[in-house]
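Okay, so chain A shows up in both of these, paired with chain B first and chain C after.
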Partner chain A sequence: MNTLVIVLSLLAGAYLVAVLEAWLATGRFRLAAPAWAAVALLGRESIVPRTPDRIFFETAPVLLLVVALLVSAVLPLSPGLIIADMTTGALFVNAVLAYVPVALLMAGWGPNGGYALVGGWRFLGQTIAYSMLIVMPITAVAMRAESLLTTAVVTSQGAVWNIVYQPLGFVLFFTAAMAVSFLPPFDLPTAGGELAGGVEAEYTGVRLGVFRLGRMVLVVSLAAVTTVFYLGGWMGPVLPPWAWSAIKILAVSSTMLLTGHYLPRIREAHLLAWCWKLGIPLALLNIFIVGVMVLIWP
Partner chain B sequence: MISLQTVFIAFFGIATIGFGILVFRTSSMVRSALALLFSQTALGAMFLAMQAEFLGVLQIMMMATEMSIMAIFMVMFMMDPGGLGAMEMSHQKRLSILAGVVGALATAGIALFTPWGVVVNVAPPAAEQIRALGTELLGRSMLIFETAGVTILTAMIAATAVALPALQRKRNA
Partner chain C sequence: MSALQQYGLLLALICGVIGLVLILFALARAIGRTQQEPGKNVPATAGMPSRDPVWVRYHARYYGYALLFLAFDMEMAFMYPWAVVYRQTGLVALLDMGVFLAILFLGLLYGWSQGAFRRQ
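After this line comes the complex of A and B, so read on.
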């Protein structure tokens, strides 16, 4: 039952995010836009390029969707509303997110086309930049909760949310989460207007539909991770817990989309330089500060 | 009576070996790297089936990043644009086969003939395993892990230092 509720909520969230994205892109608010776009994609011929690696080509969109759904499996939307409350929950989030680059590499390399190939390899470069900024802030979150259980992470924020307790970690994680879901300004693998769609370039029809759905679900899942790790998860006054989770997740996804909308696309080399020269030292500093704070003010 | 756990362990074990063989049966660096990745992922799933949750999740996480990065470095170093070209993935075949067979027999021998002592029937709960691992890392095994960590860091700094003059020469040219 929990599985069904969470999957349906994710899909509803992904739909709303798609509405927002279309609103930002076209300047018109149309609630039915993603539905029509999906119908159009389903009706379109799904072309297979010449001499592809068929296994990679077919697996990539499905793998992206599965990864995006699996991330949410360990996230509580309200007390008891969780698919699997794993003892290694926080680590599991990391482990699953490590398969996003694998899916994109497959999508890039599989179709045997130039633009897709560049997009796929670019994302691996991007992974080298952001991956530490996912792992290290999560470490600090687990340090405060003294547990890898995601439910314990939420309850550890009873007195004060992690966004206040470790703001540095939040900024780093939020940025890295945008890079994982290749939202602008980190949309290097798709790079509209430059790479002709990049990893999406060779996909059409149903396959493209699944790929885009996977990406939207990934955005929502990462917003849910941010909510659970930094915004106190389901906690809040008056409204029921699930409503707070929904509000926070939507707020985080909208902030991600809006932030990207007003920033220019960052260059690969600059992203690597910023992440390694500034991001990682800051993440280490965050771990140190949280370590000291846990001792004096848990 | 074969338990469901044994079935899963056997399934993932066979998948590990199957993907491992695939590493050498393809003629492409990217396919080979990803086959190795899925072989290691299956090994992680095997750990999960053996109720070693932390080890399993860690294996599944580490290998995805490591193998993808290995793939990009292989492609960068092999002068093969994008890794699209075909290449032979096995070399010195006779010697490799010999080494492989000897290695496999030795491993099987160790597994079969070592007196392992009493094997626990019930694995401790996952939380207890993590606690025990943490205590081990910060206790008896601290020196080993710290030495390994510092060695890797030294190697990284040395590699960067070695790479820098070449970059400088290229700029000057």
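After this line comes the complex of A and C, so read on.
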């Protein structure tokens, strides 16, 4: 039951995010746009390039969708509304997100096309840049919660949400979350206008549909992770818990889309330099500050 | 729910996603099949087949970062159990991990001084 509710709400969230993305791209608000786009993709030919690595080519979109769903499987939307409340929840989120670069590299390598391969390798560099900024802020969150259970992380924020308690961690994690879901300005692997679609270049028809769906679900999942870890999850006055989760997740994902809309794409070399020279020292500082604060004022 | 049941549920979720994708594929196939035409299946390379093979050794210009990344990624494996027991252990835990992180951070500074953080 829980599984069905969460999967359906995730798909609904992905649909709304797709509406928002189309709104930002075209300037017109059309609720039916993603539905028509999906029908069009289903009806279109799905061409396989002539000498592909067939296994990689077919697996990549499915793997991206699987990853996006598994992330949400360990996150609570309201008390008790969670698919699997694992004792290793926060670590599980990390472990699953490590498959995003695998999926994109497969999508890059599989079709045996130049642009796709460049996109894939580029995302590997992007992974090296962002992944520490995912892992380290989550450690600081776990320090406060004294647990890796995602529900315990939410209840630990009863007094003060983590966005106030560790704002530095929030900023780093938010940026890294945008980089994981390759939203602009971190859309290096797809890079519209530069790489002819990058890892998406050789995908057409239903395969592209699955890829795009996976990406949209991934955006919603990462917004859910941000909500649970930093924005107090289901907590809030008056409204029921599930409504607060929905509002926060939609707010975070639209903030991600809006931020990217007004920023130019960053170069891979610059992203690496910023993340390692500024991001990681700040993330370590965040762990230290939270360490001191947890001892003084939990 | 026991841990084994949870993993079972996650496995079922993966199978469900694969099932959903297969249904979508079947739906697309029911709408129409792909026409085989010459030149259609050439990967996008500015309008002509690529001259050189694509699957070649790629110069990973971020290898300096990649090496340091290995060190930091290993370190994070120790951080998670530490984070869970942190408050129980108290100040000792902060100092212990502080020393460990300081050494690692020195390594980062050393790598920086040797030009590891550069597009090679």
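Definition applied: the second predicted complex is superposed on the first by the 298 of 298 C-alpha atoms of A that agree within 3 Å, B and C clash if a C-alpha of one lies under 4 Å from a C-alpha of the other, contacts with A are read in each partner's own complex, and residues count from 1 in each chain.
Keep this in mind: contacts are C-beta pairs under 8 Å (C-beta built on N, C-alpha and C of every residue); 3 or more make two chains touch, one makes a residue touch a chain.
None of these values were measured; they are calculated from a predicted model.
Undergrad: Quick one: is A:Ile47 in contact with chain B, with chain C, with both, or with neither? Answer first, second, both or neither.
TA: In the superposed model, A:Ile47 contacts chain C only, not chain B.
Undergrad: Looking at A:Trp109 after the superposition, I want to know if it touches chain B, chain C, both of them or none. Which is it: first, second, both, neither?
TA: Both partners.
Undergrad: Check the residue A:Val252 against both partner chains and state whether it touches chain B (first), chain C (second), both, or neither.
TA: neither
Undergrad: Considering only the touch criterion stated at the top, classify A:Pro101 as touching first (chain B), second (chain C), both, or neither.
TA: It touches chain B, and chain C stays clear.
Undergrad: Let me test your reading of the model: by the given contact rule, A:Val17 touches which partner, first (chain B), second (chain C), both or neither?
TA: So A:Val17 meets neither chain B nor chain C here.
Undergrad: With both structures placed on chain A, which of the two partners, chain B or chain C, ends up touching more residues of chain A?
TA: C
Undergrad: Answer with first, second, both or neither: which of chain B and chain C does A:Met86 touch in the superposed model?
TA: Both: A:Met86 reaches chain B and chain C.
Undergrad: In the overlay, answer first, second, both or neither for which of chain B and chain C A:Gly197 touches.
TA: In the superposition, A:Gly197 contacts chain C only.
Undergrad: State which residues of chain A lie in both footprints, the one left by chain B and the one left by chain C.
TA: On chain A, the overlap between the chain B and chain C contacts is residues 86-87, 91, 109, 112, 117, 121, 124-125, 128, 131, 147-148.
Undergrad: Can you list the residues on chain A that touch chain C in the complex?
TA: Checking each residue of chain A against chain C gives 3, 7, 42-43, 45-50, 61-62, 65-66, 69-70, 73, 83-87, 90-91, 109, 111-117, 121, 124-125, 128-129, 131-132, 135-136, 139-140, 142-143, 146-148, 196-197, 201-202, 205-206, 209-210, 268-269, 272-273, 276-277, 280-281, 284, 287-288, 291-292, 294-295, 298.
Undergrad: In their complex, what parts of chain C are in touch with chain A?
TA: Result: residues 1, 3, 6-7, 9-10, 13-14, 16-18, 21, 24-25, 27-28, 31-32, 34-35, 40-45, 50, 54-55, 58, 60-62, 65-66, 68-69, 72-73, 76, 79-80, 83-88, 90-91, 94, 97-98, 101, 105, 108, 112, 117-119 of chain C touch chain A.
Undergrad: What does chain B use to touch chain A in their complex?
TA: Those in contact with chain A are residues 30-31, 34, 37, 53-54, 57-58, 60-61, 64-65, 68-69, 71-72, 75, 82-84, 125-127, 130.
Undergrad: What residues of chain A sit close enough to touch chain B in their complex?
TA: These residues of chain A touch chain B: 53, 56, 86-88, 91-92, 94-95, 98-99, 101-102, 105-106, 109, 112, 117-118, 121, 124-125, 127-128, 131, 147-148.
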